[in-house]
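By letter and in written order, the chains are A, B, C and D; residue numbering begins at 1 in each of them.
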Amino acid sequence: MKLLLKNREMLLVVAIIALLALIAMRFPPFVAPGNLANVYNDTSILIILALGQMAVILTRCIDLSMAANLALSGMAAAMLNAAFPGLPVPLIILTAVALGAALGSINGLLVWKLDIPPIVVTLGTLTIYRGLIFLLSGGAWINAHQMSDAFKALPRTSILGFPLLSWLSLVIIAIMVVVMRRTPLGRAFFALGGNPHAAVYTGIDVGRTRFLAYCLSGTLAGLSGYLWVSRYAVAYVDIAAGFELDIIAACVIGGVSIAGGIGSVGGAVLGALFLGVIKNALPVINISPFAQMAISGAVIIIAVAVNARAEKRKGRVILRKAEAAHG
Amino acid sequence: MLQDTTISRTRPAVALEGISKSFPGVRALSDVSLSLYPGSVTALVGENGAGKSTLVKILTGIYQPDEGTIRVDGAETHFPTANAAAKAGVTAIHQETVLFDELSVAENIFLGHAPRGSFGLIDWKKMNADARALLSRVGADLDPSVRLRDLGIANKHLVAIARALSIDARVVIMDEPTAALSHKEIHELYELVDRLKADGKAILFISHKFDEIFRIADRYTVFRDGRMVGEGLISETTQDDLVRQMVGRDVGQVFPKQEVAIGEPVLTVSGYRHPTEFEDINFELRRGEILGFYGLVGAGRSEFMQSLIGITKPSAGAIRLDGEIKVIRSPAEAIEAGIVYVPEERGRQGAIIGLPIFQNVTLPSLSRTSRSGFLRMAEEFALAREYTARLDLRAASLDQDVGTLSGGNQQKVVIAKWLATRPKVIILDEPTKGIDIGSKAAVHAFMSELAASGLSVIMVSSEIPEIMGMADRVIVMREGRIAGRFERTELTAEKLVRAAAGIQEAA
Amino acid sequence: QAETKKIALVVKALGIGFFEAANKGAQEAAKELGDVEVIYTGPTTTTAEGQIEVINSLIAQKVDAIAVSANDTNALVPALKKAMDRGIKVISWDSGVAPEGRLMHLNPSSNPLIGNMIIKLAADNLPDGGDVAVLSATATSTNQNVWIEEMNKVLPNYKGINVVATVYGDDLADKSYRETQGLIQSHPNLKAIIAPTSVGIVAAAQAVTDAGKIGQINVTGLGLPSEMAGHVKSGASKSFAIWNPIDLGYSATMIANDLIGGAEAKPGAELKMGRMGTVKLDDKNEGAMADPFIYDAKNVEEFAKIF
Amino acid sequence: MADVQTIARHIPDRLESRGARLIKSWETLLVAVALAIFLVNSFASPYFLDPWNLSDATFNFTEKAMIAFAMALVIISGEIDLSVASIIALTSTVMGYAVQLGFDTPALVMIGLATGLLCGAFNGLLVTGLGLPSIVVTIGTMSLFRGLSFLILGDQAFTGYPASFSWFGQGYVWWVFSFEFCLFAALAVIYGVVLHKTNFGRAVYAIGNNQTAALFSGVRVGRVKFVLFLLTGLMAAIASICLTARLGSTRPSIALGWELEVVTMVVLGGVNILGGSGTIPGVVLAALIMGMVTFGFGLLNVPGIVMSIFIGLLLISVIALPILYRRFRGRRSH
């Protein structure tokens, strides 16, 4: 099991290195350590979101509302800061995270208690959450000058030479590794996605576990909401519009199976990094910015095809089993 | 009811009283009671669908009973979840493999009660070590970190058994634990049961194999149609007696085989092979014949049959139908050629739940009921009525969703569906798997009629009585190859078992 | 008593500070006129389809005039033609529509002037010349493209100034930010970034600040004082320009009212713009409101309170 | 027990009359919702009940609804196509390119349809040929197709469509009935017949309910699915022709975000997102409802995003209500 997972992740690592080599040929400074750190920093939010999405996808659900959740939580954080500049930033972050978790739990409740298909639920809440931002803000932007310096400074604070945003994503990766690998909840995500029927036999409450997955994705979306808004120092209705698809793409490239039950933290992180490298590299290697979209599309398709190859069930091999048993 | 003084003096470890359970359209259990005693093995027997597994699921907290109480050590309890039952010391090897292909062996064993280390985190090292110990207890030499999907069916069963043992239980339930195990493994299981018994565990053992029951059980309980119809001590009963209680009538009736004059060859299969699943399959099927295919679960019969209708792609081999070579690349072509396959997994491959009965029946025959691609409902109803009536289907209307029918009636719809295509050759893969005794007799009678009317039938079955009762000739498959051919006249259960298990003729 | 006249102010998208300010001006005009009701509306994303839907519902409401800042020069024409067929006076402002789709177009300022202004702002701080890059809005926005075109025309007048790249931030803060990072990366000698868009300029200033390039790279272009005040103070932007969006909304409303009142939009005509005076139409029925105004550390605080 | 076994019973074809089934159907619920919205709109705005205004309002949904018909079939078969809006963009771009090369209207239409079919075939091939999950494939092609359109167009726009071409988006067949509306009505009938009255439609339902069993029953699953993806491609192309003709210009951002609106329309129309059930009349009603909501709110100058809140709530509640109702009834009968 480990071998195959390792293989898939190795494949991605190799792909990313190859990509970097290719970019370095056209524009060597891109692979300078300092710039790579920048690329990582720029991808941090996508990584955090992809990890939340992964938890949801593992349980055979999907969360299309993550970007809208991010935008709503981010807008709430920004407005709170604009209205009460004196409010301590940690308190604002806490509010954003709590709001994100609450929005996620609404998705989770609808999936759990009403049995509405996840894609319908999150399609609905996607538009509702976006709309709520408009109602909340009246459509107005919150701009850099309306935000307090402390609010904007946090993700940029440098610790040991790296911005806090990067550190934060590393901490979340670490937490997610522990959650996914070493807590019953994390294992329940995998088990339930792999075989929901059997999960019941092992005492897993399918609905509740899905609910918790949505809470997790919501929490991470809420946190990302603050990070996004403070990093780009602006909040408006449409921030991160369409980003939900990037998040899902990162998961898919990272080998998270859309059918549930298969995936890894490492894969999701690498998938996000892969997209991040492409996004950051295209503008500097003078590939027309207009080619960006087509390239990410092609990458997604290739990644799914490759992953599907790797996943393709081997036959049960009745004959070879017989030979082995006798040999 | 029979009362035994020695056992009734010890208190049951767990007792069920007056349990009833209904599913939409089926009363799976009505007012059953059952007690399990420490240090004693109780065998639960009954035909398919008698309600045995349902009882297991109630005992393990997966289903909630509609009525009745569960007592553990005399105290009334509820098992709202599987965890609650496990905490109360009830563990089970379920009939379906309730395992996770993508997780490791160790985790399959410990999911839900994994050993925890610091901060309450799962301790993988300990889990792997514990798993290794448990696996060696059940005689499986497996690497606990290997992914389950890479195991064969027998090893998966062993993992399921290890899982049941991973809970420190006083009640161990085994629902057909030997169905997929080989000789050696079965014997190791017997020893395990003996050890558990010696440890004072109460054991419920469900099996359709009588030799097994008489080998390890102390007591028995018989279910028929969701009711308890008898119980007692194994030492005071006989196999015939048990069968009579189970079936409630003479067994001979179940296989109403008609004598049919066997005609010329209809289907000739030569040199069929598949790179990984089967090889060297040669046989011919004659008009009016019922050809039985026997083998242990996983022998590759279904895989081979599916290659005949173009689902699995064989790497070599040829089919002749009425002497002509036919190339069949898809089920649609098979139906056109007159070969139909009634699949073994009714729910997944047979019935289309969500569509009404009549649409299920007419699906493969739409080209006949429609005109230039447009549906004609009247024709469809007529066709569906004709064939469902011949199978004596019980339903409220033909417009009813097949999902609302009982298993036996669903199977009738599936068979009707294939018959309506008017085939020359019909392949029935485990046609009576999971259907009740009445329907079973109906299917058998009907199979006989089909053969009599000139159809050629291939019947894949893992039930020896069914094979012995129905087949004119039997081919035994083992591990993807033909392991024996028998005429009806020379057929014995022992020969079949030996061929299927690959045991040499006793010296 | 005359019935109130309904004038619709259709913007590229709701929520953008610049247009909110224009609405302020329009409301001011309505108050001044007394018998005018201004309907401030627009899609939520900057798409032509969204604007067409809005325009259709305005036609259905039988408004008297539509003043639109278009997301697409051509795509709105059929819908606006239909509006004119039903007797609605249609003008465009800020970002124009093709002549068939409107009676006149009000440029905030003359395009050549703006084109010259944005390059001049960059050049003024680069006495020795150097590399500059342009960060535009969406690749499809009409006005930005015209300005950049005009800028390139006068480029030879500024010796030593090289425009090394033009990138698009799609009027999205994050994309603009990332594009700016790309520019900083790929052009180590970059001295200035010109962003003729109020969203882009803020994002670019932020990216320059985060990259620690304040003092090395000057961000300039068109922006709102309220949004840029902080960046002027930090030094990320030495100066930038904008016309007054309040005046723009005010003028558009006044012109629409004048047209409802019977004035005719034809080359050479002068239309009344209330306190802003009059606008004279050129041969393409276009007019310009006023010159852009430059904001720097000296005056930005004062205007930040207004828009 | 014994008598049941011996007497062959007659099983009726249907238990309920056509009328009884109709009353309990999802469509009835939608008709009620549609009527309610119609009434509310009529009272809320004096401009609503005007034939020309209503005719203008149909443009809000006709193009999306055309795609929704094909999408309904795809979703009933258990798949999904999220690339439709991008197919619109690519098709429109290719047609715009053809205009620059001087092609005339009939050629443009053919080129547009061919492009849509090619995109559909590409999706179909990836889904049926390689067996990839359609949701992921079409998220990929969604970027790819629109990306190609960005690659071709960049910051440019294609204009200069022939005057005859604009008729597809702006022409009227008779009185207030636009070409688009008539096409929508005709397609509704065609799709209704295909789904509900043909073998092909039956195969779609069978696949959606149980793909494996359908395959075993002789349904050519791969072929049917491939055709369904071709159809969505084709319908996206038709919608693209109408939309391009209506706008008179092509930008790569054309029809951005439509895929979710189309899916919403289909789901609101009672199509099970997990496949297996749904009807064309339901989708038609959902299209009308969404069109009326957009138009009604538009007349009140409510911003589009607030309408989308309403649509989102409608989507969730329309699906949740029957579930809650059933649960409530189930509880009472116990």
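Basically, contacts are C-beta pairs under 8 Å (C-beta built on N, C-alpha and C of every residue); 3 or more make two chains touch, one makes a residue touch a chain.
Keep in mind that this is a model prediction, so the values were computed, not measured.
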Practice task
Starting from the Cα centroid of chain B, hunt down the chain whose centroid lies farthest away.
Solution key: C
Practice task
With chain centres taken as the means of their Cα atoms, state the distance from chain B to chain C in Å.
Solution key: 74
Problem - Rounded Å distance, chain A centre to chain B centre (Cα mean) - result: 43
Problem - Length of the line joining the C-alpha centres of chain C and chain D, rounded to whole Å - result: 37
Practice task
Spell out, as numbers or ranges, the residues of chain A touching 2 or more other chains.
Solution key: 134, 139, 237, 290
Problem - chain B residues counted as touching two or more neighbouring chains - result: none
Fill in the blank from the handout: Residues in chain D with touches to at least two other chains are numbered 154-155, 252, 257, 303, 305
Completion exercise
So the complete set of touching chain pairs is A-B, A-C, A-D, B-D, C-D
Handout entry: Contacting residues of chain B [partner chain A, same complex]
Key = 60-62, 81-84, 86, 94, 96-104, 107, 111-112, 114, 120-122, 124, 145-147, 149-150, 152, 274-279, 298-300, 303, 478-481
Handout entry: chain A residues touching chain D - in the complex, by the definition given at the top
Key = 62, 110, 114-117, 119-121, 123-128, 130-132, 134-135, 139, 237, 242, 245, 248-249, 252, 258-259, 288, 290-298, 300-301, 304-305, 308
Handout entry: Touching residues (chain side chain C, partner chain D) in the complex
Key = 14, 39, 41-45, 47-50, 52-54, 56-57, 59-62, 72-75, 77-78, 82, 138-140, 145, 168
Problem - In the complex with chain B, residue positions of chain D that touch it - result: 4-5, 8-9, 11-15, 197-202, 205-206, 208-210, 212-220, 276-277
Fill in the blank from the handout: The answer for chain A against chain C in the complex is residues 27, 29-30, 35, 38, 42, 134, 137-141, 143-145, 156, 228, 231-234, 236-241, 279-280, 282-286, 289-290
